Amino acid sequence: MRRLFGYEERSAAIFLAPVLAVLMGVAVFPILYSFYLSFFRIKLTRPNRTPFVGLDNYLDLFTNDLFWVSVARTVTFSVVSVAAILAISLLVSLLLNQNFRGRRVLSTILLVPWAIPYVANALMWKWIYDSGYGALNGILYQLDFIDKYMVWLGDQDKTIFLIANAFVWKEVPLATILLLVSLKAIPSDLYQAARVDGAGVWQRFIHVTLPAMKPGFMLVLIYETMMAIRHFDLFFILTEGGPGNASHVLSWHIYVETFRNLSFGSGAAMSYVLALVTFALSYTFIRSLGRKV
Amino acid sequence: MSDVPSSSTQVVDYRRRQRLARIAQRLIIFGGSILLAVYVIAPVTWLVSSSVQTEAEIVSVPPHWIPEEPTLRNFKAIFSATEEETVTYETRSGQDPAAGGFIPSTASSLLPAMANSLTVATLVVILNLLVAVPAAYSLAKIRTWGRNATVYFILITRVIPDIALVVPFFLVIRKLGMLDTIGSLVLTYLAVTVPFSVFILLQYFEGLPDELDKAARVDGCSRFQALIRVFLPLSLPSLVAVVLFTFLTSWNEFLLALMFTQTEASQTLPILLAAFTSDFTISFSFINAAGVLAIIPPVIVAIIFERYIVSGLTAGAVKG
Amino acid sequence: MAGIRFESVGKKYSNGFHAVKDLNLDIRDKEFLVLLGPSGCGKSTTLNMIAGLEEVSDGRLLFDDQMVNYMPPHRRDVAMVFQSYALYPHKTVFDNIAFGLQMRKVPREETARRVQDAADKLEISHLLDRRPSQLSGGQRQRVALGRAMVRNPAVFLMDEPLSNLDAALRISMRAEIKDLHHAMQTTFVYVTHDQAEALTLADRIVVMKDGVVQQIGTPDDIYERPQNTFVASFLGNPPINYIDGAVEVSDGETVSFVRGDLKLKFAGETARKLASSNGREIRLGIRAEDVDETRSSGEDSLIRGKVNSVLPVGSDQFLGFDFCGEELFFRVGKDLDHALGENVALSVDLSRLHVFDKASGASLIW
Amino acid sequence: MAADKDNGDQEMSGLLKSNFGRRDFLRTSAAAGAVALAAPARIGFAQGGPTINMQTWSAAVDTVQSHVNAFTEATGIPVNYGNAPWAQYRESMVTKFVGGAPLDMMWVSDAWLPEWAEAGWISPVDEFDFLMAYNAEAEDFCTNSMTYNGRQYGLTYYTDFMAFLYDESKIKEAGFDAPPATWEEVVEQSLVMKEKGISDYPMMLAMAQESWLIEFMSALVFSHGGRFVDDDGMAVMQEKDKGAVEALQWVVDAVNTHGIVSPACVETGELSGLKAFASGNHAFAMVAKYRLRMLNDPEQSQIAGNVKQAMMPKGPNGDHNTVGWMRFHGMASQAAQDKARAESTAKLIEWFGGKANGAYTFQKFLFLDIGAGFGVKPLFDDPEIRAAYDAYGNVDMIQAQQALAMKKDVVTPWFGEWNETNGSAWQSAILGNTDAATAVMKSAEFWDELKQDY
C-alpha cells in the first residue's frame, strides 16, 4: 500500500537534489578514484611499473614505524587542541551570551583570528615564535619571565603544543559562533523555571544550559576533531614535521608520502586509514551524544 | 550587630550575598573579557605594528612594539598598482634597493587577488545557502527512507583528507575545462563546505519545533513554502553562521587554490601571500602588511553579520 | 464535506513501531469526535493522518468517499490547533491568523475582515499587532484557535489544545470550544487524554490503547457501558473499583457476586445475562459514586470495610476504604462524618454494577 | 609493461599519466553519478594551439613578465605565464603533470631533474642545436647539472652557491683581523665573541626541514672534504673522513658543546636565519651568495656595510669547497611530442636561457634586479655587472668560491624520499636524540635501500 515516492519522498528528493548533485559531481569521483589508487603500488618516478597490490599498501602501514609515530603525534595534537577549543569556546560563548557593555566590540574582536587566512596565520605565528627576534621571546623577556631568549619551535617537547596553540587561536571563533547559535535557541523561561525550582547558577548550567547546547556542542566536537586530525597548513609552514619528527603528524606524513616520495598508492591508503578513523570518531560522537545529526 | 534580631540579619545577608554575587559576576565577565581580548588581539596587534615598520626595524631585539619610524610604504606598494596592461623592460619593477625594491614584484597583484578571493567567497556563500538550506530542512523535518543514509553520505564526503583528493579534483576540473578559473574554486569550495553548512543548519532546524512545521503545512504551505515562509525567517542565526563559515573557509583555503590557479586571473589571496615568502627578495613587513589587508574584508563581513548571532534577533522567541 | 472514513488503516514507523493498528472509524459530518487515550495510544497519530501530516501505511483513508492517503496537508481542507499552539514567532498575531488565508490566496480585504471577526469573537482584537512572545498562555491559545477558525475548514483538528493551560482557564475554554463547534457547524476531531474534556465536549468518543480502538460511543455509552476494564478505568474520578470474585446462581434465578463474606445480588438485565455463568471468575466494577450510606436495600447490597482515608473535595468527599486488604475509593456526600479506622458499611447501587471477564477484561454485560 | 602482465599483475595503464582519457573519466564519473559535466566550455587557458604555457615559481615575476612580453612581441608567439609559490612549487607541478594540465616550458630545480625525467614529465632539449650552442659560453657546472643519463634538459635560469658570510665589525670587536679559514677557527672566534658578549650564538645555521636544508648540509659536508655519495652513486656518507659524519659532528658540537649555534637552528629556515643575521644577532652565516646584496642594504639590514664574504671554512680534510645549485628552463614532454609546440617552446627557452635579441638580456636583468647568479661566463666581463657586484661584494672572492662549488651528489630519482629521512636524521642528532654516526648510518642505509629498490 505504501508508495515509494509519495509527496514527502518527492519533496525530500527535490530538496536534496542540489546537494547530492554537487557532491556526486565533484566529490564522489575523487573519492572513488583515490580509493582505487590505494590498491596499486604507484611510484611516479616509475610510470611503467604500477602493479595492483591489493591490500599491501594498507598492510605495509603496520610495519611502518614513522607512520605510527605520526599517528601518536596526531593523537596528541588533536586531543590537546580539541579539548582546548571546546573549553575556551564554551567559556567564551557563555560570556558572550551575557548582557554587558562592550559585548559587541568583544565579539567582533573575537572573530579576527578566523578572518586571517591560514597561510597568513602560520606566517604570523612563525614570526611570533621565532627564537631570534620573535615577539613571544620579546614580550616574555621584557616582562622578566625569562632571562634569555628561549627556543620555541625548535624544542621538540614544545613544538606540537605551540602549533596546537596557533591552531586553537584560529579555531576558537568558529567554535564559539556555533555554540552561541545553540545557546540562542534556549528559551529563557527554561531558566526561569529552573530558578523557581531552586537551581543555583551551577545547577542551571548543568541541567539547562549544557543539555540544550548538546547539538551545537556535538557539531563543534565533530567539526573540530575533523579539522584537527586532518590539519596540515600549520605543520607545513611552521615546521615541515620537524624538528626531528616532533611534529610529524599523519596529514604531513601523507603529504610527504604523496608529494615528496611520489608514492600515490600508499599515500592514498594512508588517507583512507585517516578517513576511516575520522568517520569512526564522528560516528561515535553522534551516537554517544545520543542524537542523530 | 548583636542587637539586631537574627531574622533581620539573615535578610541583610541575603541582600549582601546577592550584591556580592553580582559584583563577582561582573568581575568575572570583565576579567574574562580582558583576558580573551588580549589573547586574541595581541598577535594581531603585533601583525599591524610590524606592517608599518621598516624591514630593518622589524628584526630588532627586543622587538619594537611601537614602530620608531612608521612607514606606509608597504601599503602604498599594494595600492599603487599600475593600470598598464603589459609590463615592459622599462616598467618592470626593477627591485632596486634604493627604491624600496625589496617589496615583491607581485605586490600590485595583491588587490586583484583579493578581488578574486572576494568573488569566490561570495559565490560560494550564495551557492551554499541555495544548496544547503533545502537539504537541511529536508533532513530535519521530512521523515522518509534514505534520510539517515543521506546524512552519512554527506559526512563521508568530508572525512577524506584533502591531500588525497587534490589530484582527482584536478582531473575533474581539467575535464570541466575550468583550470585557472575562478569557477574551479567556486565548485570545489562548494563541495568541501556544503556538508558542514548542511550540518550547521540541520542541528538548528532540528531544534525548531516540529509543530511549527506541521502548523505551516496545515495552514496550506507546501513543503517549499513552509521552508521559505516559516523556517527561513526563524533561522537567521544559523544562516549567519553558515555565511561566516563558508565565506571564511573560502577566504582561507590554500591547497586547492594552489593547484588550480596559476595566473593573476584566478590566483587568490593565500597564494599571493605564500608567493611573497619565496621570491628572491622577501620582506616580512610587507608580508605582514598583506596579512593585515587580508583580515579586513572578512572582518567587515563579520561585523555586518555577527549581531544576528550574538543578539539572536528571533531565535529566543522560537521556543518561548 | 466532510465525513471521514478509516478503512483498516494502519500506521507503522520505519523503526518498526506500530502506532495504529487496523483502525476502522466513521467520522460523521459536523460531529464532535474526541480521540481519548493515554499517551502513545495512537490518538495523535490518527489525528495527524487526517491532517495528512503522517502518511497512512495500510488501508484507506477517505474524505467523503475520496481516498486521500497520498494527499499532502496543504491540499486538504483541514485546520489544526496544536498543544504548543505552534504560533509563528516571527509574525504578528494578525499575520499568524491571516497566514492560512494568505496561503490560500484569499483576497486581502476578505482576509482582514475574517481575521478581525475571529479576533472579535475570541476577544483578542487588541493584540493583533503583538508577537507571540508578548502574549500570555491563554492569549496564545486563543490566537491558535483564531488561526484555525478563520479558515472555515471542512475539518477542525485539535491536538490537546488545552493541556498547557491552567485549570480554571481550561474549564472556561472548554465551554468556548463547545460554542465554537456549534457556531462553525463543521466536523471537529479532538485529541485529549483528559476524560473530563472528552466527556464534556464529545458527541462521540473513541477510546484508544496501544494503537487499537477500545470502544467507540457517546460519552454516556463510554461511561455507563464500558466494554472493557481499560475503558472503565480510564474514565471516572476517582477511578472505578474492582473486586475479583465469582458468579453464584442460586435457586436458578438469584444471581449474585460472591467474594468471601461479600455477596452482591445482580439486578435485572445483568442478572439475566449472567444466569448461565455459575461459578465463573469475574471482576466486578463499582464506580466510586455508586455507593450510598443512607439508602438501605438490605444485606445483599452492603459492602463493609474500614475507613483508611478521608479526602474532602469540596462538594463531596473521597473515602479510602479497606476491603479485605484491598484499597477502594468511593465518593460520598460531604455531610457524612467518619473517623479513620472506623468500620462502615456502604450500600452499593446494584443496578449499576459492571461485570468483566477476569482474564480478558472484556465486559460480560455490554 | 608486458612483463608485468605476464606476471599476472593488473596494470593500471596510464592512469596516472597525463593521457587519462575523456572516456575513462566519463565512465568513472558516470558511474559515480556525475552531473555538471555540461558546464560551460573552457574558460581557462587555451590548450594546444599556438599559445605556449610557461610555469614558474613566484620569483622575479615582473622581470619575467616583461621578458615574456618582449618575446611575444618579437616572435608573435603568445605565452600563458603562470606562477606558484616556491615552497609548494614542486607539489603543484606534480599535480599539474599528473592531472595533465597543459604545460610547455617550466622552471626546474636541479634536484628534481632525475625524478621528473624518470616520470616522463620533462624531455631533453639537446636535439635543438641552437640551444646546445650556448653550452660553449655556459659554466660547466650548470651544463652538468642539467644533464641526466647523458641528455641535456634545458638552459640555465640562474645559479648560485652557498657562501660563508661574516659581520666584519663583530670580528674586529672580538679582536681578530681575519675571518676564520677553518671550521675550528669558527669555533675559536665564536667562543671569544660569546665570552665578550658580542653574540650569544655567533654562527647562524639554518637547519630547518625545508628545501634549502640539503644545500646547507651539502656545503657543510663538502667543506669538510666529505661526500654523501661517491661517483658510482654508492653511499659513503657513513664512512669516516670522507663522509658526512665529521660535518654533522661539527654541528652537533657547535650546538650542544660550544653553544655557538642556537639550538633553535632546527626550526630556523633559510629566511628566518637570514633575517636573524640581518638583525645583527650573529657574526657568521651560511647563506646563498645572492643574499649579500640584501644584507648590505641599510633598508633591510641592521648590519649593512659590514657583511663580507669569506671562503667557506674548511674541515681537517677539506678544501674550502661549497655546494652550488642551479635552476633551469625545461621543456614538458607534452610539448616535445608536438613538433610545432616543441619548436616554439625551444625558442622561449632560448629567449630566457640563451640570448634574446643577441644578448643575455634576461640573465643580466635578473642579476641587476635581484642579484641572482648567471650561468653564462661572458657576463662577468660586462661592466654594468661588475659595477653592481662591486657595490656589495668582492667579485674575485665570488669567482674563487664559485670555482670550488660542487654539484649536490645526491640528486637521483629517489632524492625526494631520501631527503626527508636524511633531514630528520640530522635534526635528531642535533637534538641529541641520537649520535651523529648513528644518524648518518641510518641515512646511508636508507639510501642503499632506495637505490636497490630502484
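As written, the chain order gives the labels A, B, C and D, with residue 1 at the start of each chain.
We take it that contacts are C-beta pairs under 8 Å (C-beta built on N, C-alpha and C of every residue); 3 or more make two chains touch, one makes a residue touch a chain.
Everything numeric in this text was worked out from a predicted model, so none of it was measured.
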Quiz item: Which chains make contact with chain B and with chain C at once?
Solution: A
Quiz item: Hey, how far apart are chain A and chain C in touch steps, shortest way?
Solution: 1
Quiz prompt | Centroid comparison with chain B (C-alpha atoms), farthest chain | solution = C
Quiz item: Hey, which pair has more contacts between C-betas, B-D or A-B?
Solution: A-B
Exercise. Taking the mean of all protein CA atoms as the centre, name the chain whose own CA mean is closest to it.
Key: A
Quiz item: Which integer distance in Å separates the CA centroid of chain A from that of chain D?
Solution: 34
Quiz prompt | Cα-centroid distance, chain A relative to chain B, in whole angstrom | solution = 15
Quiz item: Approximately how many whole Å separate the CA-defined centres of chain C and chain D?
Solution: 87
Self-check item: In chain D, residues with contacts to at least two other chains
Solution: 25, 29, 36-37, 87, 91, 98, 275-276, 279, 281
Quiz item: Where in chain B do residues touch two or more other chains at once?
Solution: 58-61, 143, 145, 167, 171-172, 187, 222-223, 274, 277, 284, 316, 318, 320
Quiz item: So which bits of chain C are touching at least two other chains?
Solution: 72
Quiz item: Which two-chain combinations qualify as touching?
Solution: A-B, A-C, A-D, B-C, B-D
Quiz item: Which chain B residues qualify as touching chain C in the complex?
Solution: 143, 145, 209, 211-212, 214-223, 225, 229-230, 233-234, 314, 316-318, 320
Quiz item: In the complex of these two chains, what residues of chain B are touching chain A?
Solution: 26, 29, 32-33, 36-37, 39-41, 43-44, 46-47, 50, 58-63, 65, 130-132, 134-135, 137-139, 142-148, 150-165, 167-169, 171-172, 187-188, 190-192, 194-196, 198-200, 202-204, 206-207, 222-224, 227, 237-238, 241, 244-245, 248, 251-252, 254-255, 269-270, 273-274, 277, 284, 287-288, 290-291, 294-295, 297-299, 302-303, 306-307, 309-310, 312, 315-316, 318-320
Quiz item: What part of chain B is in contact with chain D in the complex they form?
Solution: 54-56, 58-61, 86-89, 91-97, 100-102, 104-106, 109, 166-167, 170-181, 183-184, 187, 258-259, 261-263, 265-266, 271, 274-284
Quiz item: Which residues of chain C touch chain A in their complex?
Solution: 55-59, 69-72
Quiz item: If you look only at chain A, which of its residues touch chain D in the complex?
Solution: 21-22, 24-26, 28-29, 32-33, 37, 40, 42, 44-52, 126, 129-133, 148-149, 151-156, 159, 237, 239-245, 248, 255-256, 259-264
